[in-house]
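In the two complexes that follow, chain A is the common piece, with chain B as its partner first and chain C second.
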Partner chain A sequence: MRKLLIWLPLVLFLGFIALFASGLFQPDDRIIHSRLVGQPLPAFSLPAAASDRPPLASAQLATGQPRLLNTFASWCVPCAAEAPQLEALQKAGAQIDGIAIRDARADVDAFLKRNGNPYARIGLDARSAVQIALGSSGVPETFIIDGKGRIAYQHIGDIRADDVPMILDRLRAAQ
Partner chain B sequence: MKALIALLLMLASAPVFAQSALPPAPYANRQIADPALERKAKALMETIRCLTCQSQSIADSNASMAGDMRSEIRERIMHGEQPEAIRTWLISRYGDWVSYEPTAAPILWPLWAAPLVLLGLGLLLLRGRIKKKARS
Partner chain C sequence: MIAETGLAALWLAAALALLQLILAFAGLKGGKPELLAAVRPAAVAQGVLTAIAFALLVTLFLRSDMSVLLVVTNSHSMKPWLYKFAGAWGNHEGSMLLWVTVMGMAGAAVALFERALRRDTHMATLGGQAAISLGFYAFLLFSSNPFARIDPAPADGQGLNPLLQDPGLAFHPPTLYLGYVGLSVAFSFAIGALLTRQVDAAFARAMRPWVLAAWVLLTLGITAGSYWAYYELGWGGWWFWDPVENASLMPWLAATALLHSVTVLATRDALRAWTIMLAVVAFSMSMVGTFLVRSGILTSVHAFAVDPTRGSFILALLALYIGGALALFGWRIGSVREGAPFELVSRETMLVVNNLLLTVILGLVLIGTLYPLMTEAFGHKVSVGAPYFDRIAGPIALALMVAMAAGPLTRWRKDRARLVGKRLLIPAAIALIVAISLSVFALGRIGILPFLGLVIALSVGVASLAPLWKRNLRRTPLFTYGMVIAHLGCAVSLAGMACDSAFTVEKLVAARPGDTIQTAGWTLHFRKIAPLAGDNWTALQADIDVSRGGGSVLIHPQSRFFASPPTTTSEAALLTRWNGQLYVVLGEEVEGGRWQLRVWWKPFVTLIWLGGVMIALGGAMALVGRERRGWLMKWRARKATEVAA
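Right, the complex of A and B next:
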């Protein structure tokens, strides 16, 4: 017993080394995914965020056709980088609605003028209330809403060019 | 190697998403007039994790989203909602992760059992020592 016990510290030590090494090679996933994926979109009704687009309410997202719901902000750099991909999605037939987080109408107008406007409707979430209700923790994020108004998928971070086909596939799958 | 560097840069860039210049929500930095309600709200805010800074509670964080969450919590408390109901509502959005208060979920049973196990081990050790001393 005592003879075996003497190896215990070494075994513990090697165990810790293995633990730390696995942590090094497989870093923690720090992205917080929304728990609402697969569930109905929370009800909301937001005022218009841009001068030339109507406001957005959750009821308008359950139209029988899947839609994209993109959260963005004029102050968010990755959102500007994402604009060409949203435009490509729109050209491919995707219906896109937007929610501008912590924003002001003049800033949203300027942002859309600079980066293009792929949105059908844009709601203004000046106090992140809808963002919190969605279980979203940053901008940009893109939700696929199926025809019944359920969240089918959450894309966290900006949509890169090589994400576009995947988003279109998922949009078709949400039919 | 290049991919690894890009990956590391991406990891570093995620939390640095800019903040907006908009003024904070009404109750982000203002206390509730009723001190009893404010105490309730404060106790809850200290156990809710900030989503954009991740190692602070929303009570300690200057992130604009933490301010929005504080305002949301204070307003809900003022409307008579119970702190635990608000915590449940947040957990249903962000998962257990958002709360610093450990739950009774099975994955946490070892955490709750640890003090008892350690105490038991200590008692065993002590008994061994006392026996040895009694013999010598």
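Right, the complex of A and C next:
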């Protein structure tokens, strides 16, 4: 018993060293992972944000086919930078719905006119209520919603050109 | 030239450390005792050389020598001289140089002043100190050279992190380091004792003053750091359970336990293996803390040098030194005789309880600090915050306080539970009275931990004075006073913490000049806001008249902008009164010419740091008291032999 106790500190310490080494040599991963992945989409029903697109409700995102849900705003510069990538995704066959955050219909119309309109439906989240329910902290963010209305992936920040194939892969995987 | 001289002094010190190590062990094991004569001079020379290297680095900073890389990255010629001075250790390389300087000077002090230790243990201790120093010299010279030049030299430096441009920086890190690294002496003592198998009361008496000195400085350093965070960060909090704060708390907890167990060993020759283990753990915690901070594997507000290469270097040092010490412990401690046994109801048992509780808190803080790392190893990400530490460590700390009240009232060897209970009657009565009056006046308004905190603080405060009860106060030894004051300091500090969390009043307003704000009995009249230029910053400064009944005082919270590097800091305005502090922070401008003002009234919050200072003062008194008694006894013995002759 005494013998065991005598060597116990060394054994514990070696455990700590292994832990430290694993922490030190693990690739640094500072990305925040969403806790909403795998959760059902919060229920919402939003008015139309653009004059030529229908409004958006959460039920319309559970159609059996995976879809992209993109949050954006006319006042957001990275959202404009993201527009070509959304265009490319749509051309590749992705179904995209949008939520305009803290926005006004006239501004959204002007934004879509400038940057193109890849969205099937656009809801207006004037007070960020849905944005908060989605656990999203800023615009733009893009969610992959599987056919059953569950969140399969959350992309924080704008989608870069390199991200497009990854998004398409994930979209296919969410089938 | 200065930089090259500094570097040469460091190399020379490292060479001396190697020599000291070889001489000590060749002298002890190789049967060449004549080699031992050079060990002490080597240690002293090493201390002098590190001090020279450090003084030279400070000189480079004071002269703003922009041909030195470290000065360029951490200083600026426009900085006030105090921050040039303090900037020397406000960075990774400089603080590591401070580390080896403290280590070298501690080794020199052990060589010069240690007289009580058996000669072979003394030599083995110095050998141990040289062995640890050697690793840190290597770290400094191979991966963190503070004297590296930059060519071509830029016109000016990049400045010091404005958060660090505070007089506190001149005082807090050196004090903390003296304590933190001073514990290396206890570590080396343990190595020495294990090598020569001298684990007994005489050894403990020799080690005690070194532990006390390091512990006093560590206590002061932590207290100063806590106060610095309180007024500089502008959040109104005094402890954030940040990994770096925990890194200084963990050695302190281990050293506090060691301080008490070494007393048991010195007085009763018990707890031998345990005391040695604690001496190893205390400095190990200093090293682990440094590793956690410098490697960047934990995210912290203090992390100023995140570098995996340095991380691997410190990890290797950790594995070598702590692993080596623990292996030596396992190998040798079996051959150390078991210490003296003791009765269940005795001072010894109370001190064992103290040690166990401190160790449990240490373990919980360690687990809480490392938990994010552990879960990350299994692919999950979590962060552990203040609620965990408060809820887990709080109740145990309160239990520890109760044990602290009972300990000094229990006799060594053997006591009777009924008698101990009787001595605790008055404190228990006070606890009851406080509990009842708090329940009547503040029920439902304060949480359970602050409630218990106040009850325990007041009763333990009285109980800590009890050892002086019915004693001849003039004949009571200084170290007993030291213990009483340190224990009272714990109660005072606890009272401050409990008052702060129970009774703080916070108010956030948006006010324009001319407005009047009422909170917690104070009236604040916001007079104006105006720009102000300082040495290397500009600020917006608010003039606020505050009054509480009588005359008013003008206070000036500021929002400061530093040009290099561009940063904004908030300088809180603090108004200290006997019963608390008014804490005012100037925030950002909101629309319509109004400014955010955050006002706290914190009753008795200053007791937290007053208690910390009392704890350190008590430790210092115990140190002086013990040493003086040692001299007096020696002096009397000499007199007696002279008379006999």
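Assume the second predicted complex is superposed on the first by the 141 of 175 C-alpha atoms of A that agree within 3 Å, B and C clash if a C-alpha of one lies under 4 Å from a C-alpha of the other, contacts with A are read in each partner's own complex, and residues count from 1 in each chain.
Criterion: a contact is a pair of C-beta atoms (placed from the backbone, for glycine too) under 8 Å apart; a residue touches a chain by one contact, two chains touch by 3 or more.
This one's a predicted model, so the numbers in the text were calculated from it and none came from an experiment.
Participant: Have a look at where A:157 lands relative to chain B and chain C in the superposition and call it first, second, both or neither.
Facilitator: Touch status of A:157: first partner only.
Participant: Under the stated touch criterion, which partner chain does A:1 make contact with: chain B (first), chain C (second), both, or neither?
Facilitator: Neither partner.
Participant: Scan A:36 for contacts with chain B and chain C and give back first, second, both or neither.
Facilitator: first
Participant: Name the contact category of A:17: first (chain B only), second (chain C only), both, or neither.
Facilitator: The second partner, chain C, only.
Participant: Need the overlap of the two footprints on chain A, from chain B and from chain C, as residue ranges.
Facilitator: Correct list for chain A: 33.
Participant: Could you pull out which chain A residues touch chain C in their complex?
Facilitator: Residue positions touching the partner: 2-3, 6-7, 9-10, 13-14, 16-17, 19-26, 33.
Participant: Within their complex, state which residues of chain A touch chain B.
Facilitator: Touch residues, chain A against chain B: 27, 30-36, 73, 75-78, 101-104, 126-129, 131-135, 137-139, 157.
Participant: Okay, in this complex, where on chain B does chain A touch?
Facilitator: 11, 14, 17-22, 25, 51-52, 54, 64-65, 68-69, 71-72, 90-95, 97-98
Participant: Give every residue of chain C touching chain A within the complex, in rising order.
Facilitator: So the residues of chain C in touch with chain A come to 273, 277, 280-281, 284, 288, 291, 295, 297, 308, 311-312, 315, 318-319, 322-323, 326-327, 329-330, 333-334, 370, 373-374, 376-377, 381.
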